[in-house]
Structures are given as C-alpha cells and as structure tokens.
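The chains carry the letters A, B, C and D, assigned in the order they are written, with residues numbered from 1 in each.
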Amino acid sequence: MNKPRNARAAALIAGLTAGALVTAACGAGGPSASGGDFTDDKVVLALLNDASGVYKDVSGPNSKIAIQMAIDDYKEKYGDEAVVDDIEVTSADHQNEPDIANTKAQELYDREGADIILDVPTSSAALAVATQAKNKKKLYMNIGAGTTELTGAQCNKYTFHYAYDTWMLANGTGTVVTEEGDKNWQLIYPDYAFGQDMVKSFTGAIEAGGGKVGGTIATPFPNDNFATYITKAGAAKPQVIGTMHAGGDLINLVKQYNESGLKDQGISLAVGLMFISDIHSLGVEAFEGTIFTDAWYWNFDDKSREWADRYMEETGDRPTYAHAGNYSAALQYLEAVQAAGTDDADKVVEELEGKKVDDMFLRNGEIRAEDHRVIHDVYLARVKGPADVEEDWDYEEIIKTIPAEKAFRPAAESGCSM
Amino acid sequence: MNAVLQYTVQGLAAGSFYALAALGLAVIFGVLGVVNFAHGAFYMLGAVAAAVLLDTVGMSLWLALIVVPVLMLVFGMLVERLLVRWLLPLDPLYNLLLTFGLTLLLVDLVKRRYGVSGLPYDRPDALDGRVQVAGIGLPVYQLFVIGVALLVCLGVWLLMTRTRVGMIVRAATERPELAGALGINVGRWVTPVFGFGVALAGLAGVLAAPFRAITAEMGSDFIIILFAVVVIGGLGSIVGAVVGGFLVGLVEAFGQAYAPTFAQVLIFVLMAVVVLARPAGLFGREEATA
Amino acid sequence: MTSIATAGASVTEQHAAIAGARPWQRLVLLAVGLLVALGLPWFVYPPVAMDIAAWALFAVALDLLLGYCGLLSFGHAAFWGGSAYATGLIAIHLGVPFPLAVLGGAVFAMILAVPIGYLSVKRSGIYFAMVTLAFAQMLFFIANQASSLTGGENGLQGVPRSFFGIEAVETDAFFFYYAALPIILLGMWAAWRIVHSPFGRVLVAIRDNAPRARALGYDVERYKLIVFVLSAGLSGLAGGVFAVSHGFVALPELHWTTSGEVVLMTVLGGIGTLWGGVIGAGLIVMLADYLASSGFDGIGIVTGGVFVTVVLLFRRGIWGTARHLWLNRKRS
Amino acid sequence: MTSTTPTPRCALRTEGLTKDFRGFRAVSSVDLEVAEGTVHALVGPNGAGKTTLFNLLTGFLKPTSGRIMVFGDDVTGMAPERITHRGVARSFQITSLFENLTPREHVEIALQGLTNQGLRFWRSEKLLGRRRDEVDRLLAEVGLTELADKPTGLMAYGQKRALELALVLAVEPKLLLLDEPTAGMGIEDVDRTIELVRRIAEGRTVVFVDHNMHVVGQLADRVTVLQQGSVLAEGPYDEVRADPRVITAYLGEAHSA
C-alpha cells in the first residue's frame, strides 16, 4: 500500500503551494499523464466484487484467477504484437455494501489507475459503479448484477452488461417451459425490485408463449418460511410453480417445496436465477428436476470444458457462469484495447460497440451498440437426478439452447438512450 | 377450513423454532440478566453442526437431536466462563454488546470454514411424506417439529416446577426479590444455565436443518424476530417466551396467507401494540417505574 | 444500577468530563479537532474523508443518547437511512441545493423518531435496545417493498449534489467535502450544546438515577423522547450528507448491521465522551476501506474481534482511556 | 406555606389502598390519614410493606385498588413527577443520588425540577447557576457548604443523606415523604438529622419511615404501625408504644435487636 503514501506526499506539497486545485487535478488523473497511448504505460483491470459475503462462491476471489487467465490468453495470442505488455489485475472486496462499492470504484479509477472495473454483484452496487464509470469516463463491465436498469433507463456509454439479467432469466424459463406444454403457472416472488422486475418479465414471456399466470404471490425478503406460500400456490393446481427467489431464500423455498408433496402431484418448480454453486453446495437431490435458465454451463461442449479444466487446475473448483463471464469480459476488453491501440476509454468503447464475438463464453455473441447489452446464446437447464451425475459438478442437463437474438430484451424495448 | 388447518400447522412449526430459542433466551436473561445477542448465531451453529456431523460421520438427525445440544451446552458454558462472566457485574448492556461482537465473529468464522452457499441436509426417511388428517395431507416433518418443541417445553416446565434446581432458576427468573429473600445462591447455576439456554438455541437449529437453508447468515434475521418474540411475551417470563414464540409463528403464517405484503411488518406491529398496552409484555412482570 | 456510561469510567472522570477541562485545554482540543477536520481530505481519499465525517457525526449523535442518557439504541439506522432516503428524494424531485435536502432529511428523521421514540422510551436498558432494533428492521422491510419510491434492491440512484451551480462542489469529492463539512460541524456543535445545557444536565441525572429525577418532578419519558428525537435529527444530518456524497441510497443504510456499526464506533471511541465517536468512526471507516483492498476477507472477524476486545478489556474506549491517563498523570 | 383554614386539613389520605404482586399482597387495604402540619411515622418490621406503601403514595407503583388523595385531590395512578408537581417530595431509602454531579449541581437540578428550564437544550448550562443564592442557602441548611463543589461519589454516607434532604427541600414541598432518613447513621448523625427534620417540618407535613424508635419518638406526632401489609395500630407515639399487639409484633423485636 504505498500509493496512498505517494498521494499523501503529493497532497502535502500541493497543500503547501497552490492549494486544493492541484490535488483535485492529481486525483482526477486524466489520460496522457505519461504522454504515451497508455496511462502509466499499463492497463489495469480491477475486479470489484463480494469476496466475503453471500456471492463469494458465485463469483468472488476466483474471478480474479479467471481474469488473469484472460490476460495470459491475450498475451499468448498476440505475443510481441501486443500493444501493451504491462497488464495488471487488482481487486477489491465490496463486502456487499453498495457504499463501499461506490467509494472503492472511485478509488480504483482515481488512485489505482484502473482502466476497467469488472463484475460487481448486487444491483444497487452495480448501478452506483455504473454512475462512477460515467462520471470518470472509464469502463465498467457488469457480470454479477442482474438488474436490467444497467441497460435500461440508467444505461451509459461506459457501462456494459455481460451474462445474465432478470429479463433474460424470466424470458428463458417462462417462454421455453410454456412452449414445452406447461401452460398454467403460479408465480412466487420476493417482494423487492429484483422480484418485481422478474415477475413482470415472467408474465410477459408466459403469455407470449400462450400460457397463463394463474396467480402471483409476493413474499417478504429475506424470508426463511415459505411453507404457507407454497401451500397457497399449490392449492390453485397449476402445472408449474415459477419462483424468482435466489440464494439462501431459494434454498429455503426448494426445501419447503420438496416438503410440500407438490412434486408428487406433478406440479414442477421452475427457477429464475440459480447458480451451479447453489446445486453444488446443497446436492442434486434437493434440486432434482428443477428447471432454470443458465447463461453458460462448463460441461456444455469441448470448448467450454477445456476452459473449465484449466480453471479447475487453478482453483480446484468448476466455474460458474460468472467466472466464465469475467474471463470473457476481460478478454474482449483486451481485444478491444489491442484493436484501438490505446486504453483510452472512448476509443475502446468504439471498438466494443456492435462487435460480433464468439469465444468460449459468448456463443453467437454481440456487444449491442444501442444499449450495451452483451447478447449470446443461453440455455434452459434441468437439474439431473443423483443417478445421472457422472462426476463432481456434473449437475445440468441442457434441454434447449435459446438463441442470442431471442434470449435478451430487444434493444428497442430497453428505454436506454446514451 | 383445510387451508386454515394447514396454515396453523405451518405457523406452529415456525413458532416451534422461535419458542425453543426464546425459551433459552428467557432462561439466560432470568438468571444472568443478559440478553444474548448471539442467540441467533447459536441457532445457526446448531444447524451447521448437524449438517457437518451428518457429512463427516454420518450422524443421523435422531442422534444429532441429542448430541448437538450437548455440544452446544459445553460450548455455551465455555462462552460464559471465558467471556460473559467478566461483564456480569456491569450494566447488562455490556453483555449485549459483547454477544453482538461474538455474533459477527461466529458468523464470519462459519462463513470462512463452511462457505457461503449453504450446507446440504437430508432428513431420515421416517420423517418424509405426509399424514392424512381430516382429509388433508400434513407434512410429517412439521408435525414432528411441533411435537419435539412441545415436548421440550413441557420438559423444561417440569424441570422448573418439580426439581430443586428448577425452582431456584425459576425464582431467579420470575421473582428475583424472592430469590434474594430466600437466600438462594444463584451464582453456581449461572454457567450451566447459560449453557442450557444455548443448548435450546442449538436444538432449534438442529430441528431447522432439514427444513431451512443452512448458511452462516441464517441466524441474523432470526434473532430480530426472536427479540420481538420476547418483547411480546415478556422477557422475564418462561411461559411468555413459549407462548410468544408460537404466537409469532402463527401471526407469520396467517399473515403470509392473508396479507402477504404485510406479513413481516405484522409481527412488529403486534410488538408495538404490546409495548403500548402492556410495556412489560403479555406475561412480563410489572416493575417499579423507573 | 450503574449506567453503561459510568460503568466504564470512574466517577471523578465523569465529573471532570462534565465540568470540562480547563478553558485553554478545551481550546487546544477544539483547534486540533478543527485542523483535523479541515485537513482530512488532504491525507485521506476525499470520498473516504466524507464518509468518516458523516459517520463521526452519526456516532456523536448516538453517544448523545447512549453516553448521556444511558439509552442504547440498536435501531439508529432507521434515522440515518430514513433521512438518507428522504434527502435523496428531496434532492431528486425538488432539485434544491443539497444542504436544504439534507435539512429536510433530518427533519424527516425527527418526525420518524417521534412514534418510534414514544414507544421505545417506555422501556429502558435491554428492552430499549431490542425495541429500537425491531422497529428499525420494520422500516427496512417497508423500504424494501416500497420499491416504486425507494428503488428497493436497486437503491435510490442518481441523487444530485446540486450546490448553487458551483461545479467544483457538484462534481469533485474534494470540494464537496468542504461544502458539506459545515453541516457536520454544525451537527457536532449542536450535540455539544445539548450536552452542556440545562437539558443535558437533566439527562445525566436521568441516566444516573431515573427514579430520583422523577421524584424531583422531571417527566423522564418526555426527556428521553426529546433527546431521542434530537439524536435522530443529528443522525439524519449525517445520513443525508452521506447520501448526497455517494449520490445514491441503498437498503443496507437501513439494516440493523448499520446500527451495529455505529454502536461499535461509539464504544470503540468511548461511551459518554461525545468526541470518542469521531475517533471510532475514523478508525472503523479507514479499517473497512483498507480491508476492502487488502485481500483479507474476514471483515466480520476483525470488527467482531475489536468489539469483543474493547468490551472485555477496554471499556473506556480510546478517548476515554486517553482522558483517564491524562487525568491520572495530572493527579500524580 | 400558610394554611388559611383554622382546622387542620387532611394532607394525605388513602382509602383501601391495596397492592398485589403476582398473588402476593404487599399492601392490604390501608386507610391512612395525615393531618396537615403534622409529622407522621410509619413503622413496622421488615417486609411490612412500608416501602411499597411509599412507592404507591409517590406514584412509583400503581395500586391494585384503592385511592390516594393529596390535599383533597385524587392522585391515584398519577406519574411520580406529576405528584411532585403537586407539592409532594420524597427521599429514598437507599441513598439515591446522581453519582456524577456535585452537591451544587444536585441542588441546581432539583431547583429546576418544577420549572420548564430543563427542556432548554439550546441554552447554556450556565442558566443553572442563576439561582446561586438559593442553592447556597439550601446547602447551608443541610451543612454541606464546604463540600458544594466536590464530587458526590466521594462523600461520606451521612453527608449523602444530608444532600438527599436538600434535594427534597429544593422542590418546595408541602408534603414530605422521607424513607428512613437516619438509616445506617451513627448516633451523632442521627441527632443532627432529627434536628434537621424537625426544622424542616415547620409549616409542612412530614410522613417518614424509620426503624429507630428513638427517632420516631422524637419526631412523630402520630404513628402508624404496619404488619404484613395491613395497619396494625395507629395513634400518638406513647399510645401505640403501649399497645400490647404492637409490642409483640414489633417493638419487642426492635428492642431486643
């Protein structure tokens, strides 16, 4: 931690001479300080996520390893041709506190020389970081947060949204399940912004698929007692119960759904948001047969599996789609830097916008220029039964691929104007 | 009618966790004058211990229902001896602060050791499925939880009324002035009572393990509800803790069924009403106004 | 029963604290304090400096209640967060200069404090702590559900920092600090004024011996309610500044862990010292900031450990210990 | 305190005053009458309900049934501070002071008790110093002039009890309720306190509890003897003292003690 000390010395000198303006200028740190095409002659990628709280397993510190893998791949691909040699990855733990995320984001941009911030789970934190990206004119690629606001009303030129969002989850699960024949739904959702968004998207998707939502049930958040809600939903005799819960609440709900006996009555459970780490920690038995939308699955094909093997060597675990998303985001950023020949944010954004991409994470991908939504194929998955699991982490059966152009909210509906 | 019966069972099952834990809280408060903020963390430890024992040595729920509370008893006694004891002569708020700090520590330690995504837990087959009562299928496990909770509450009540130790504890809990007048030395019961209270929280945790997400955070919101329970029931009252626990469970279940938006707030509204009408709680002792 | 504030420090020290040090000592301390406040953003990253200042006022506001009235509120997040939301909404919808929005937020916090306080002060000690905790949590649930107003989980984004069109303040955290500092200092002055008023004297009397105060004709509940509302107002000032500084408000501001954090700051600094909270806030905010970049993920272990250690071994807190040593040195 | 009526009014009256604690009857239908201007003693063995009765009279406990009248007004169920505002002051059995204030500050606080000055959180505490003369007079009256600015926590027991009396006087009471004013004192202090109380009692009504029969004999016009929450006997000191029931129930025990 010698940067603050330098800054302090600079601030002291500045204080003795010209006063506040000097520090302010130092703090803001414009491009071109060293005269080259790269600030400080290097590129700094900053991972800002939850290294200690509930999203630790979903993304957490392992995403730093994923980003490092992207840097290595970039260096290997371009070798001497690389426009920049010095590429660093730094990280900070936002402890799931949006205000820490906000302060850290400023600090990463201003003091740590970060050219891009990656990840940032928790919607409120992600939206705050997006605002800082806009203010500081530096890049932010979101992977961990699901709010569509990032590519909607609160979109901006410097923010990109990777991997999943609430619209995509609801649409994927809702449309496909309905089209497959389960027309009659009951929805249980947590009564806060994420759940409320999801229920809207779900309803839209189900109705578009020719199904109907018999009823919606709002639950408090957080909550550990879902028995009553499940009973209520089951009483309406739907074909499928859709739930928008996540994390610990989802586990509670699934346990109590299994308890309720609805499964035996043929009422299945479809989930909006679920990570493979959830299944891993709780075991496939608990989730068997549950249907959900996945942005990426490590065992989908050779290409993804090859990467997952490399990742496993480094971490001992299989990656979630957030890990893969962080890798892809870092890689595509570096590709854009390579193409632009600079880390100047405006030029990099120009390179990114509208780019068609195909890497191990983004299949048929495109970085949409209109709203900065990064679209790609996503999958509808079913949790395997214990008998079908062939190895650790082999939990998902991909039922259907949802093509990129159908998987995400159309740009025209985003409400984004940059 | 069917629905009402189902909601009642669900409410009582949820209330069982509250009642058991609140009972522990009440006993500890009675004898030590300490409000144990870490009670939610102890509930969590009970669940985590059950899950870990199942995973490592294959201990079944049946055995865990005995073993984990015993472990928690020992752990609780250690906590009392090493930490809580030193602050007993001081303002009880210091022990509230101490146990608050302890909560942060325990939650983080569990998180680091056992991760953040939760632990798996399978219940014995005997407790799977449903029984038909008046034409409705009621989950066996919920009935089992209610049964265990009622049995334990009854056991504690017998302990309190039929044994000498119990009388001492009860005198200290409900009539401190009497205990003082009778010259009962409560001091030597302080450590075991603290352990006993912790064991009750641990037992609630074991019962919750097959039913709820087992995560390091599972006690953080639980403790808030638990506080509401004892405020409603009356902190100094053993009966109040049990009745308050089941009452809050029922309010939660029926609130969720008929006014889902307000289900969570309803408990606090109930608490506000009780504070307003009977500041000492439904079964609390009247104190000289201070 | 000894109250929480007196259990830590000896009687004479408490007395010295109330009667105050010699005037010149007070002036020196005041000058040092002002210098630190003015110099902070030169040494600390300005947004962090602003966080420290806001938390410091919050901790002082809590100590007003805890240290001078013996009431441990575990629900002060309601006023910090409540004001943050109110400030944010006023700033967004009315576009007034931020000090006005902050003032509006503080007023809202005080209005909020009236019913919560009315119910809470009916009980003292442990009960008070539990009741305030529960009510604050209720507010958290309400804010979470009312997402059309609060933004729910997404937070209330885009709170402007409008300040008479002075761009430096509106965009640069460094200048914003100096624009917001007067609000913080005003709040601290108000806390000092309250402590050293006839009212403050009654508070100490109530803290030390409430029945005695009642027998002297003081309506104890009324006094407790008033100090509760005042403390809420000061917490509201702090929360409002915090909201404007960050440019958004999110749910954790209302969560009980926020209440716990400010209690930690106050206890670490020293209960009943008024200014101890400033030191506690500085240390905790810088610690959290440091840990966030350190790669060490055990924030709970550190804060929990600090809490346990301070409460067990170090009850006077930092400021209280310093004062104790100073007074001892003088005596010997 | 001038009473215009020639015949003594009733300063304090209770009718059927009863207090139950969870099935335990601490005070049982007590009828008490204290004439204005008199000194009235409450005596009885430990656990007779004297302190509970005191707490009922001053609003610190709410009676289960019965009524309390102060100067003809019903004060049953009224909060302690409101009763104080009606000219009733009490001292406490256990020395009950503000640990962190000096005697001067104590008296200042007490003098302010009946005003609204205490609510002024925006004024300087110097406001409290304005009634310096009165403070000095009260401190002198109880003999604490020397110690006025020393920490109360370090004072001797007798001095604390004296300060207690100064506080009681500061609220300018018409009716004083003193809970064991001489408890735990040495002989000298007891005599000084008797003198003090006698002086204070001029023009006021005093009800006090004391174990020391010497004190009761010296001060009391009338005595009420309580036993197990009920009134056992009432009358002038000499009469009560001669009552055989009282002798067996209490006095004998007290003499032998």
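By our rule, a residue touches a chain if its C-beta (ideal position, glycine included) is under 8 Å from a C-beta of that chain, and two chains touch if they have at least 3 such contacts.
Protein identities per chain, from UniProt: A = ABC transporter permease; B, C = Branched-chain amino acid ABC transporter permease; D = ABC transporter ATP-binding protein.
Quick caveat, the model's predicted, so the values are computed rather than measured.
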item	value
Lowest number of touching-chain links that must be crossed from chain A (ABC transporter permease) to chain B	1
Label of the chain whose CA centroid is most distant from the centroid of chain D	A
Euclidean distance of C-alpha centroids - chain B vs chain C, Å	32
Chain B and chain D: spacing of chain centres that average the CA atoms, whole Å	45
Separation of mean Cα positions, chain C and chain A (ABC transporter permease) [Å, integer]	36
Chain C and chain D, separation of their C-alpha mean positions in angstrom	41
Sites on chain C at which at least two other chains make contact	2, 141, 145, 211, 214, 297-300
Where chain D touches two or more other chains at once, by residue number	60, 79-80
Per-residue overlap in chain B, given as positions that touch at least 2 other chains	108, 111, 221, 261, 264, 288-289
Chain A (ABC transporter permease)-touching residues of chain B, taken from the complex the two chains share	3, 6-7, 10-11, 13-14, 108, 111, 115-120, 122, 129-130, 137, 139, 141-142, 210-213, 215, 217-218, 221-222, 252-253, 256-257, 260-261, 263-264
Residues of chain C touching chain A (ABC transporter permease) in the complex	42-43, 45-48, 51, 141, 144-145, 147, 151-155, 157-158, 168, 171-175, 242, 246-248, 250-253, 288-293, 295, 297-300
Contacting residues of chain D [partner chain C, same complex]	58, 60, 79-82, 84-85, 89-90, 92, 96-102, 105, 108-110, 112-114, 117-125, 127-128, 151, 153-154, 167, 170-171
Residue numbers on chain C that touch chain D, as the complex places them	2, 6, 11-12, 14-15, 18-19, 193-194, 196-202, 204-205, 208-209, 211-220, 223, 226-227, 230
Residue numbers on chain A (ABC transporter permease) that touch chain B, as the complex places them	52-58, 191, 217-220, 222-225, 227-229, 231-232, 235, 248-249, 251-252, 255-256, 259-261, 277-278, 280-283, 285-286
